[in-house]
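We call the chains A, B and C, going by the order they appear; numbering starts again at 1 in every chain.
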Amino acid sequence: MKNITNLKEFACTPDRFQGGHRLCPGCAHSMIVREVVNATDDDLVISTATGCLEVCSAIYPYTSWDVSWIHIGFENAAAAISGAEAMYKALSKKDKLYNEDRRIKFVAFGGDGGTYDIGFQSLSGAAERGHDFLYVCLDNENYANTGGQRSSATPLGAHTSTTPRGRVSYGEKQRKKDLTMIMAAHGCPYVATAIPSTKHWKDLATKAAKAISTVGPTFINALSPCTTEWKFKPEETTEIADLAVETCAFPLYEIEDGHKLRITYRPKQKIPIEEYLSRQGRFAHLFKPENKWIIEEWQKNVDEYWDYLQRREEAGV
Amino acid sequence: MATPKEMLTTWDKVQFGAVLPSFEDPEHKKRSKFHSYNYSVADWRVEKPVFNRDLCIDCDFCWVSCPDSCFIVEEVVNKRGKKQAKIVGINYNLCKGCGVCVEVCPTPIKSLLMFPEYVDNDEALKQWPKKD
Amino acid sequence: MAQKYELKSKEVWDGNMAAAHALRQAQVDVVAAYPITPSTPIVQNYAQFLADGYVDGEFVMVESEHSAMSACVGAAAAGGRVATATSSQGYALMVEVLYQASGMRLPIVMTVVNRALASPLNIHGDHSDLYLGRDAGWIHLIANNPQEAYDMTLCAFKIAEDERVRLPVTTNQDGFLVSHTAQVVKPLQDEDAYKFIGEYKPLNPMLDTKNPVTYGAQTEEEWHFEHKANQHKALMDSPAVIKEVFDEFEKISGRKYNLVETYKLDDADIALVLMGSAYETAILAVDKAREEGIKVGLLMPRVFRPFPYNEVAEKLKNVKAVAALDRSAPMGTTGALYNEVAGALAANGQSAIMTNYIYGLGGRDTTVEHILDVIKETNENAKAGKRVTDLQGFINLRGPKLSFN
């Protein structure tokens, strides 16, 4: 496992995901990807599901990757990486590896659409089969690449292009699916949540390093604030991510062996959820008097979940 | 730096299976013409970040947060013999002017500030806010 | 090292066992597959070979056919020999990824056991799945019996992996009629089979991490057409290599295969064109018809894609009437094989009278008698010098006669 001590040293890592890609200015996807890729010195083979990251980092005739990379489709990043990992095993068994001296790690990236929704089956299958890979969900809570439609990661009340606010609608009706826990329930040896942030850079980098060095299927759900679809200014990306954590809308925790839960960051004082919601255009309508109950519902959900996490941590289950 | 238009070739000369090699010379990490590192997104910008080396404390927050891998880093050895990254500049071919780096820069007077694209960097440094 | 499997010079295998042995002998690095009738036994037999130490590659039992083909693509791009097996609904579920596999020029081999497509659900043989994959950019080889299922699978690896081709290949055998019908098969010994196929030749392997590559980039209107054209050219050029491989295979096996197979066509006045197990039934019908004085012959494209249209036209240049028999519901037009043959003849200025028959859907029996009826009708057209029968007829369909003009 790469020893991640301080940022000054970490910043000596040569980037293996490069600029010149076409992600929006201020896009969190690439902040997350850079940290994950930099969290190991091993060679990497990466698969990526269709979505913003894929579309913007491999527009022919350009690639932004300094590592081996494949995109097949929207729903099969996990299946693709299982195939590549199986080939690695087969060739090692047969003494036919291309570079005997290199150790290779396998990582898959998918958006929330490619992970929570259409790609969930292939992720579940790959996790259950026990392939040795890290899957990172870039969770921007919508189908950003196709114009901001809802996904099962879209939170309550959010305006998306398929759950628009309207005269008789307050936006998304469902709560966000708890994918991190679902992946833990697969018995994955390591599962964690993370955000792109200067304050929590080490949280993400350490989790990625841990996940990559853990043998077996590991999963990181990284909240990826989306300037374009959440509607905030590009320079605010990391600040919004920090607010998600400080309000406990998106708590930082990790789970080992499917059950050992540890909260990796505890806000000194939990900030009211309004401070997170009010910063994003997608929630603007919630501040109308008739939608006050949704904010209350939000706060209740956040409090309950935070409480649940703390009790689980305490109980060691 | 070839634009995609300039790289356009005919059907018999396209990359086999649309497979793109990252490097032209992998051993020396020389990136190929197919690498976006050799593509410019500078025209996305209306404002650019300007870096003031004199104020920088090398916390590397800008490096870790930049979505476009713009910060040019030099590896140096500190007094205690540990390697550390020193920020030496910004790759303006890759910078889209999002302003994240300015936002995260923690120095009391920011070591990074946004300026209109047309302002010369030397001029920008002259306009830098002064310490009280 | 995998153990050598002791094989007799003659084995009694069904099509599934034959295909499974071919995969074993190819020493495939990664097989990723999902079971579906009637190709399930290929997957099961392979699992047993693995369990008994005859296979040392990886066998990934994925959770769907979509993931099977996706894992195959990931594995093939990683850089090694890859194969899978499927049928029908499984094939349909893979379709998206079939295009992705061929577009990335990955030499995956898929042993297909052909089966009908629902709805209504049906587990028996017809060519709906093969036709579904027609435009997916794969080479499609046809096998009419277990021996051919074995031979074609061995040839498939050599064709797919040839640097002049680098395209995925399916081998096709009819569900149950071939896959579950045990016949004498003369296998090659393990070492001879492997020597014939040869070592896998890597091209842009992702696992060569010293030379990172990007697979699956997005091309838009500036580039997409050029890539598709390039791939089409590779398919159009592949017959030269396919012929070479067939010739080489003949040298070691004594069994000769051709782009287009024929039976008693040289002196024929009329011809039937069909693929799959019914071709063997048709051979019996031809012999019978010839006893009755009808000079009829048969033609089968061994290679359905790329379609050998010039060879087909050449072989049919002396016949007066041709009936093309399609084993798939044409759903609103003439059958695909009819269209191919009619196009081939038209392109070469030939004017044999052409008719189309739909037969055998969902495993419906097609007997010698049924084919004799087709031969007689075709002969009527030849004698009249114009089409006097309906354009499209249905064979062994219950109920009032169904036909179209």
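As a convention for this text, a contact is a pair of C-beta atoms (placed from the backbone, for glycine too) under 8 Å apart; a residue touches a chain by one contact, two chains touch by 3 or more.
Note that the coordinates shown come from a computational prediction; the quantities given were computed from them, not determined experimentally.
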| How is the touch graph of the chains shaped: line, ring, star, complete or other? | complete
| note | Per-chain Cα centroid nearest the overall protein Cα centroid belongs to chain A
| Whole-Å separation of chain centres (CA-atom averages), subunit B against subunit C | 53
| field | Where subunit A and subunit C are represented by their mean Cα positions, the distance between them in whole Å | value | 43
| field | CA centroid of subunit A to CA centroid of subunit B, Å | value | 24
| task | Find every residue in subunit B that makes contact with two or more other chains and list them. | result | 4, 18, 20, 22-23, 34
| In subunit A, residues with contacts to at least two other chains | 58-63, 65-67
| field | Junction residues of subunit C, two or more chains touched | value | 210, 212-217, 219, 223
| query | Along subunit B, where are the residues that touch subunit A in the complex? | reply | 4, 7, 15, 18, 20, 22-23, 29, 31, 33-41, 44, 58-61, 63-70, 73, 75, 78, 82-85, 91, 93-100, 102-104
| task | In the complex, go through subunit B and note every residue touching subunit C. | result | 4-5, 8-12, 14, 16-23, 26-27, 34
| field | Sites on subunit C touched by subunit A in the complex | value | 29-30, 32, 56-58, 60-64, 66-68, 70-80, 82, 96-97, 100, 202, 205-210, 212-220, 223
| Across the complex, what residues on subunit A touch subunit C? | 43-45, 47, 54-55, 58-63, 65-73, 75-76, 78-84, 86-91, 93-94, 96-99, 102, 104, 121-122, 124-126, 128-129
| Touching residues on subunit C, where the partner in the complex is subunit B | 103-106, 166, 203-204, 210-217, 219, 222-223, 225-227, 229-230, 233
